[in-house]
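Take a look at the structures listed below.
One chain, subunit A, links the two complexes that follow: it is found with subunit B in the first and with subunit C in the second.
Up next, the complex of A and B:
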């Protein structure tokens, strides 16, 4: 055991060697930063690369699924919670948006903002109760709430507003970030808007996970009683995390309604949340970008599998294969490959130091 | 500084603490010893706020804090470690010390150095040795706003050398940082060697409180706990 007794009293503000500065770029991120920025910028030019309208539709839907998966992955990664509430947030916001546009004749932009705000507020209200629960109970509560919403929007009594089981065509007036209704319905033209939202959302999730707030959430995930004994309130951070997940899901729902122009109870099904969870797992929820990658891949795969008539068979096989072979998802696999490659490319003395267990040499 | 007045706790028909009154003076290392079931860990739980006493008071700086929750007590300087190591397994040592120190990197460095944890700062806590994990547990208690350390069997599972080092770390904190420590421990040699005052609990009651020498020589303590040398 190392003892500090023989040493002089350390200086109060002396930093341990290797301690990062207060606002560091994480060591693991540094070599990836240029690549991340390049992908973010080049992503805006995707419509120039893909001429097929069907291909662009799949990509746009994939990004929207990716946003829902990001909402799921955020809670899964930082709190260890499996939420079936993604459909409730997303579908709830889409319905609210549609009702405001169709029944209340509200303009597009204020309707979208109100729908997102309303969905998040509703989420926080149920969160007041839900986040007090243990992980499994939380999962079942979110599932129950989604199913409850599904039934409510399907009821005949509300069909004049919701369209009942037939769904509702969303007609709206005004523009959305300068895009008209025709442009919003065109996958190629709406792509830059959705891509920008995805970048902001993933970037925000990344920064949150690296912040003290993110550490508090991971502390709750690891040992909540201990965190309380360290002087932390654990209830409000959990509620805030639930609200952030709800915000991401609500934005995905409104963007989907704006793009597709149609809503139906299918948005609130158990399957919708399940697909978002699958996307988060396939992409890898331990990274911010993983759920988005998973969303695009899952949406693409489901289109391909669906065309064979054996959607669930092939989906099941693919999910089992990926999760068994790559338990950290595809971005987890990519991260591991990157780590091994950079280790191989590292100069020999540093490699030896890394093997010898010097954390600072590894970094 | 920290005291109790007539604390009583019972679980059903089992009386865990009965009229327990202790007084922990500022700057002291105060040991609590006693056989299994004496109520030592219950006393720790009462002091840290995890258990609410059925009778009596807990006083901090003369103010009744009996109704204050765990979080409030921690923020006002009452900080504890656990009999069973309680850390954040999947976080690195640095991350959890940053949590305990509320993001203060200088504090992290200070605590890491005091407890000899520099070499494992960037290692996941659950992959470190048991001795390291025990020290992380106590370092978590010592970081941040801690004024009084409540250490529940800190030496459990450690070798005699590790125990000596650990008590040395605590002594350093008390001497150099002006902390106060209340240590519940079975290793009586470590307690007698490090503590200024020792309280002996037996069957939920205070048998005696005094200096280590006085406690070691007391016939009641010898009969109830220490025994006689063969």
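Up next, the complex of A and C:
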């Protein structure tokens, strides 16, 4: 039934195994690598530029939301799956970390590593079942799972460990990559750490999406049976992709718990996952940096408009406007504008080649 | 017995919402996240109309208003954006639900509003050995009869056949002369009207407050996932199952009762990914 409904929609992604990959771009390649590297390096100096503590807090929270959005966008881009599990991974990891720190009195570093490892392992275990289902059922399962976690941490029976509905202040000892707990709570001092994590995560997602593995995932998204008939195993790649998304989400959750020092069931709500999805969409999930850009923007907007009490109204309008006007998000819009500008600047005979190349450059 | 009746009341409300969701999903493949806020809109409208009109007329007037809302949704969102992916449309409806919810809060403030059951039904009835509020029996009666009528309509009427045909294969149905666009409009309007009706009924049963749409929306999603996305029959069975599980869980294992729907969903979908109904509309 689904397949027939889907036929009247145009294929959004043209890339299937066998068709030319986007890279290498045609001769008129944009100087992207130097720009990316420059931004990555200059990003470390942001605390020197922004002196207000509030501004830095917004940026740090924005990057953390961006990481969650990256976890969502990764699955959305490569497999076409909408995961409501971003909150489950990040919130679950944050809870695990808090419990290890508070109840088990572990040091910061081992607790953080163990929490990430535990969440990824748990994610892979549920993934064994979840990734077998088709896209929408997957969405429902991840939604149910995060709701389940939300209810579990809210239960009174576990409140000695989880703090119940009131949440829990996370006190920890030891250092984290050389940062003490006071430094970790200061957005300006924790910035380099989080910026580095974001660079590694976006870079890894970018490389994965360009690799053979990424191509297999795209093939699964476009036509899983065909890929199976071609002799590819599709189960393990899907599971691995789910694990990668889980890893990114878990890292975001632990970093957030380390930075904020407080956890509550709010981390696991429907809204938490929804916000991550919105960030991925607004930024544009078809690029690796899109979700991060979206995360910062959404967090900034929440901070800006949250005090008016009409946050949901503006969020709703923004979501509708972006989806209707810029279906590929803001980075998609930027890419398109850049392409048009460079096309104008290019000498005439090469225009056709660039057009042919860009036909495959949707992803 | 009290547990069974409570289960049925909850199920009746849930099944009205879930079948509306399943109708749109079956026909267009779109998850309408604005459904919960339309239900909330219905409840608030009924609150406003309770003064000038009274409860009984609002049972008809509110769904009629929501039919107009459904037409707006069809002509304003689903039709102009039909070329877009299902995901885009689902998220646009999510945006809509945020807007509708916040606008309602702006109009009615965020406070919980009391709605009285009509005086004829404010008492209790002696039934199956317990005293049971008669208003809840009305919910059971209206809810289950509406949904069974919907099921019968889909199964045994000509238009119902068309709806099933379009749900099954839009292009082929169109080719053999079914006006798929008109069926689409009809189905969206029916779905929103059902949400409105559920909202009116919910007013005196659950308090009218801003969070009412979200919480029931999640339950409805769980139900249509268990029922087989897009299947009305499956949704009916799943709603009863979830209602019974929640109410009985509340009674016997109150500590983990809130977990039951999600555990059920995960277990059932892990065993049977197509759900009960396997995506057959009826």
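As a working rule, the second predicted complex is superposed on the first by the 321 of 363 C-alpha atoms of A that agree within 3 Å, B and C clash if a C-alpha of one lies under 4 Å from a C-alpha of the other, contacts with A are read in each partner's own complex, and residues count from 1 in each chain.
Note that in this section a contact is a pair of C-beta atoms (placed from the backbone, for glycine too) under 8 Å apart; a residue touches a chain by one contact, two chains touch by 3 or more.
Just so you know, these numbers come straight off a predicted model, no measurement behind them.
By the touch criterion defined above, A:157 reaches subunit C but does not reach subunit B. Residue contacts after overlaying the shared chain place A:171 against neither subunit B nor subunit C. Of the two partner chains, subunit B is the only one touched by A:225; subunit C is not. By the touch criterion defined above, A:312 reaches subunit C but does not reach subunit B.
Within the superposed three-chain arrangement, the count of touched residues of subunit A is higher for C, of the candidates subunit B and subunit C.
Residue contacts after overlaying the shared chain place A:233 against subunit B, while subunit C stays out of touching range. With both structures placed on the common chain, the touch criterion links A:216 to subunit B but leaves subunit C unconnected.
In the superposition on chain A, A:140 makes contact with subunit C only, not with subunit B. In the superposition on chain A, A:281 makes contact with subunit C only, while subunit B stays out of contact range.
In the superposition on the C-alpha atoms of chain A, the part of subunit A touched by subunit B in one complex and by subunit C in the other spans residues 1-2, 4-5, 7, 9-10, 12. If you check the complex, the residues on subunit A that touch subunit C are 1-2, 4-10, 12, 76, 80, 82, 129, 132-134, 136-137, 140-141, 143-145, 147-148, 151-152, 154-157, 270, 274, 277-278, 281, 310-313, 315-320, 323-324, 327. Residues of subunit C that touch subunit A in their complex: 28-29, 31, 81-88, 90-92, 94-99, 101-103, 106, 167-172, 214, 218, 221-222, 225, 229-230, 255-256, 258-259, 261-263, 265-266, 269-270, 273, 279. By the touch rule above, subunit A contacts subunit B in their complex via residues 1-5, 7, 9-10, 12-20, 22, 212, 215-216, 218-219, 221-223, 225-233, 359-360, 363.
Only residues 48, 50, 70-71, 74-75, 79-80, 82, 86-91, 94-96, 98-100, 102-103, 105-106, 108-110, 112-116, 118-119, 121-123, 131, 135, 140, 144-145, 159, 161-162, 165, 168-169, 172, 176 of subunit B touch subunit A when the two sit together in their complex.
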